[in-house]
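One chain, chain A, appears in both complexes that follow, with chain B as partner in the first and chain C in the second.
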Partner chain A sequence: MSRFSLSWRAGLWAMLLPYLVGTLLLIGLPALISGVLAFTTYDALTPPVFVGFANFRLLAADPIVTTAISNSLVFIVLAVPLRILGALALAMLLFRPRRGAGGYRAAAYLPTVIPDVAFALIWLWIFNPLFGPVNVALGALGLPQPGWLADAETARYPFVIMSVFQIGEGFVVLLAALRGLPRAYFDAGAVDGAGRWALFRYLTLPLMLPWLALLTFRDIILSFQWTFTPSFVMTGGDPYYATMFIPLVIYEEAFDRFRFGTGSALMLVTFLLSVALIAAIYLLFRRRGYVADV
Partner chain B sequence: MRIVPASLLRALSASVLALGVTASASVAQEGSGTVSFMVFGDPAELAAYQSLVAAFEEREPAIDVELIHVPSASDYRARLGVDFAAGDPADVVLINYRRYAPFAAMGVLEPLAPYLRQSDVISESDFFDIATDSFKWRGQLMCIPQNISSLVVYYNRDLFDAAGLPHPADDWTWDEFLAAARALTQDLDGDGRADQYGVGIEPSIFRLAPFVWAAGGELVVLESGLRPIRLALDSRAAREAVEWFVALQTEHGVVPDALNEAAESSESRFLNGRTAMFFNSRRGTPTARAIDGFEWDVAALPVGRERAGILHSDAYCMSALTEEKDAAWTFIEYANSPAGQAIVAESGRTVPSLIEVASSPAFLDPAAAPANSAVWLETVDSLRTVPILRAWVDIEELTADELERAFYGQASVDEVIAAMITRTAPFFAGEEG
Partner chain C sequence: MSRDRGPLRAFLGDHAVPLLVAAVFLLPLLWMVTASLREPGLPPPRTVEWLPLAPAPGNYAEVFELLPFGRYLLNSLAVVLLAVPLTVVTASMAGFAMALVERRSRVALVVLSVALLMVPLTATWLTRFLLFSWIGLTDTLLALVVPALAGSSPLFVLIYFWAFRRVRPEVFEMAHLDGAGAFTAWWRVGLPAVMPASVAVAVLTFILYWSDFISPLLYLRDQELYTLPLGLRQLQQLDPTGWPLLMAGAVMLTLPAVLFFLLVQHLFLGERGLGRR
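This part shows the complex of A and B:
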């Protein structure tokens, strides 16, 4: 038995090893270097110079950085709940076997596999203020036609809307979770006379809460990074920094202006913000007593 | 401050630390080996550089040139920076005069003055002065300029004719320009919105600069040692120019507003025959030559209190890291010889920086559009350059963000001038001169 266990464990390690090595080399090590660079000025051409917390003071004094942090937080507050609820709604709608369900599920997942740049370019057209289908439809209905990406007041909303269409992974996770819920609970609820809303409110939702919490944590981390490609491709942060998000500032600082120190410092700030947000959500869910079992 | 002792960082930067030492030029006349050459541009430009490389390889069989092409100029700039940072740049790269200063300051460019001095093929006096002067970093020629382009007005001859307007004269004034722009801005379907615009111009300090100079203003304030110390857009003359420039959109509506520009760029509108005049450098010529729906030509910038133009110039620069310096120079030397510059000029892309080639049919071919190519040469004496500063890219980006606000009616001229001066101040302070 022990020999079997050993070989089983060895097999698991063997399977894990490539990912472990990859994670250490491609994520762990660069993150460590970036963490050190955050306390230096470094242009990648001359040696880094230790400057203590000067980069963080520079970031705090830079209105573009504070705007980008604010934009990213607003995006997360708007997009994450919509993405989680959207994934849950789709999973609820499509988890029961029915004719054509496979096709619908594939359609729900499809936007997630579109390459990011192509996805951004499609939405750039969709939100074209004059020729895009959204404003053409709004105009046909006699409704106001926002400037969307061309107007600082509305430029962030297309980012939220388009992100809601890339929820395939959350959808699949919740679909699997829904299928794993014990039928006996629902049968018992039905016998007790619970309606569909009551079953959802008192059985489905509490039972799904650990999954929803997990997806929320993942989505917060993802959302900090997700804005890079659309903001890089669609707006470049315009108009007047309305779509300037943290990843774009990091990219411009590091790879456009060769200020790897401030870029790394902002990355560290983003990491700490992610941790703070996840901790806050964790405490919120934990008080409800469901996360402990995840 | 002290150098970080962490071996981790040293390991990370080991490959690039060597760049800190500027190699002394050991000049030779010929070389052999493989030289990588990175360029940007559309397919027509790529074809020109391919022809150049082919001609060079035929002439110098011992040297292979590996052409690396990046289509977009912005992607090219990012690639260039990352390649230098990674310690693995192409041996020969094209860099604009507004952007080479950071690389020169960091010592990653091989100064080419010693090579040029020993060349039997070309000498500095063969080039237009302003082109070579703009690539001198602390008095030393760093790169060999391939062109001496400048901002001009591309205009749709058919739209001028349809509106009964005379084509722009060489000495047309701001008022004449504005009158034409207003006449050419038209609501063709009567829906209350302009379908055809008089002008397309991007709100950037690079486009604004010649108007500031033409109004008698300056871009920057120079201290006694001629070091730029801040933007000078708050002078009376410069402010007038900014106000006139902004009014093209906010008051006269001859330029698309933010919504219309976002819906379709002015360049696209011009190419599609729905904008009458578009400001661009010679760089727009290969694309414009593909227009088949209307006749077009180029005109000089309208004249304000004085005539002023702005230099657009790229140069062949050599990486200080390259191990094939002699071969790289042999290629740069050929590319900037009369034969080499003629090949690229024939594509329409460049206004040659060699005086001899600029006045030859390679550039002034009467059969190739635009008919008025000579305008680039006739206005050379009025050309000026933006300051050569390491942080000029930052200054351009910040000022564009502010200028855009005024241009699209979201802030007053005085407000954005003040913001431009305040926000760019730290970048001037960081320059050593």
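This part shows the complex of A and C:
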């Protein structure tokens, strides 16, 4: 690249500066400081006091926290596979050019652009146990009408269902990935007499696995945070803490009770949980020789 | 009729499944609009109401009477009017530079950006709040706009990076030989060559800031500064079961995002997607 002058290259790095410095200040540094605050008691008024692992012992002894952690994990186990498979199914159904394909793709993406608060309120209405369209429809069909968000047994399912409606980003990524697959493989497969299922199982799926793995990892991390607005707006964690998720606890610890130390500690726990989940999935697939080239 | 059955059957064979899928994904939007037009005070519905039978558009005006939604609208507009142009400038500069630096730095920057996409914003809530209150940004609209100084999201920088990589590098070499600096080349040659990416990033940035609920929730106390998402939450606290008004508020918050998205959806979803070489 020596055909570019030094001042040109300096100019390029100057253009990268706002992005790099800003990201460092807004994401990198806050995340690091949060990791340090996790070992202190801090109320934002008096200076932080180092307390070792006391915050983590407090968290472990708090039944609301342990409930929130298990709720978040159950949500991820239910929602992430559905979201990834849903995005893959949408992409496979709609990636081929045809009449109306643009409209179908736009329709599938639309719920993803609905602002979070509005989205939460819409689903609060849809799952209203008495008058919401879901239960009214179930009643009209003579089926049982669950209490949904009002019932601790069923409260988590509306969260999972609504999260599956916001899969536009994964859909777009997989759409682009499917278009990038080498056609020749599929032609060869078809010539060899492979059926549609065989083509999917032995060509599409292995070729798409790096993308699916990347999306799964991202989805696991983002799912911890995604639950905040729905739980904050729809239930506040009720009934009986059935919809208490990690970010809601962090919010209440820090911004209602000014306990920035325990809030940060819970963040660190969340981070370690995500890393553990991702490592487990990576090892699981790698042992089967799938994601060797991620 | 029987003559039409052949083509009709063929059409349904091709389109039944995608039509059904599209309908399912549009249901939440349809139910939101229908509920927003329902006369308040009517007995609750006994059957699924697909369309409003006697539309009551007055719900929309009433939202403005209950809360200063006009004020919130202005605040929201101020935020996006600042954030969108800023983001287009900072993200395109970074993406442009990323596309033209030498290979080793380029790979490192792409890896860094993808890694940053994985950082949940939850991890920055507390310390960003402490940082903002330390430098006096809390309770100002600027607190909501600050990320735009850094391109708003690594995704936007990556979109620009891919777009600039698709421009033939000779174009920039020519500009360089003509004596243009990197900034001039970005502004005069680079940006005009990636207009679709700019439109896409502008719309995505608009949706991001327009929808943002968590930043104003964390950084704003003064009701005068509330943006629309906080206003909608306030409406819910005022009357948690006033569904027609709540849904009218939700429609008003959702409509601009949906319209802008529909204007540019072909850039992401069309046959020649943005990410395609």
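Note that the second predicted complex is superposed on the first by the 277 of 294 C-alpha atoms of A that agree within 3 Å, B and C clash if a C-alpha of one lies under 4 Å from a C-alpha of the other, contacts with A are read in each partner's own complex, and residues count from 1 in each chain.
Quick note on the criterion: a contact is a pair of C-beta atoms (placed from the backbone, for glycine too) under 8 Å apart; a residue touches a chain by one contact, two chains touch by 3 or more.
Quantities reported herein were computed from a predicted structural model and do not represent experimental measurements.
In the superposed model, A:Leu222 lies in contact with chain C only, and not with chain B. In the superposition on chain A, A:Val275 makes contact with neither chain B nor chain C. Of the two partner chains, chain C is the only one touched by A:Ser7; chain B is not. Which of chain B and chain C touches more residues of chain A: that partner is C. Touch criterion not met for A:Val77: it reaches neither chain B nor chain C. In the superposition on chain A, A:Phe255 makes contact with both chain B and chain C. Of the two partner chains placed by the overlay, only chain B lies in contact with A:Pro129; chain C stays clear of it. By the touch criterion defined above, A:Leu283 reaches neither chain B nor chain C.
In the superposition on chain A, A:Tyr109 makes contact with chain C only, not with chain B.
Legend: residue contacts after superposition of the two complexes on their common chain; A:Val51 is shown touching chain B, with no touch to chain C. The contact surfaces that chain B and chain C form on chain A in the two complexes overlap at residues 33, 37, 44, 128, 130-131, 255.
Per the touch definition, chain B reaches chain A in the complex via residues 1-4, 6, 8-10, 12-13, 16-17, 19-20, 77-78, 81-82, 84-86, 102, 106-108, 258-264, 393-394, 401, 404-405, 408, 410. Put simply, chain A touches chain B in their complex at residues 32-33, 36-37, 40, 42-51, 128-131, 147, 149-152, 238-241, 255-258. Across the complex, chain A meets chain C through its residues 1, 3-5, 7-16, 18-23, 25-27, 29-31, 33-34, 37, 44, 90, 93-94, 97-98, 100-111, 113-119, 121-123, 125-126, 128, 130-131, 133, 136-137, 140, 162, 165, 172-173, 175-176, 179-180, 217-218, 221-222, 224-225, 228-229, 233, 246-247, 250-251, 254-255, 260, 263-264, 267, 270-271, 274.
The part of chain C that touches chain A in the complex is made up of residues 14-15, 17-19, 21-23, 25-26, 28-29, 31-32, 35, 44-49, 90-91, 93-94, 96-98, 100-102, 109, 116-131, 133, 146-147, 149-151, 154, 157, 173, 176, 181-183, 186, 207, 210-211, 213-214, 218, 229, 232-233, 236, 243, 246-247, 249-251, 253-254, 257-258, 261-262, 265-266, 268-271, 273, 275-276.
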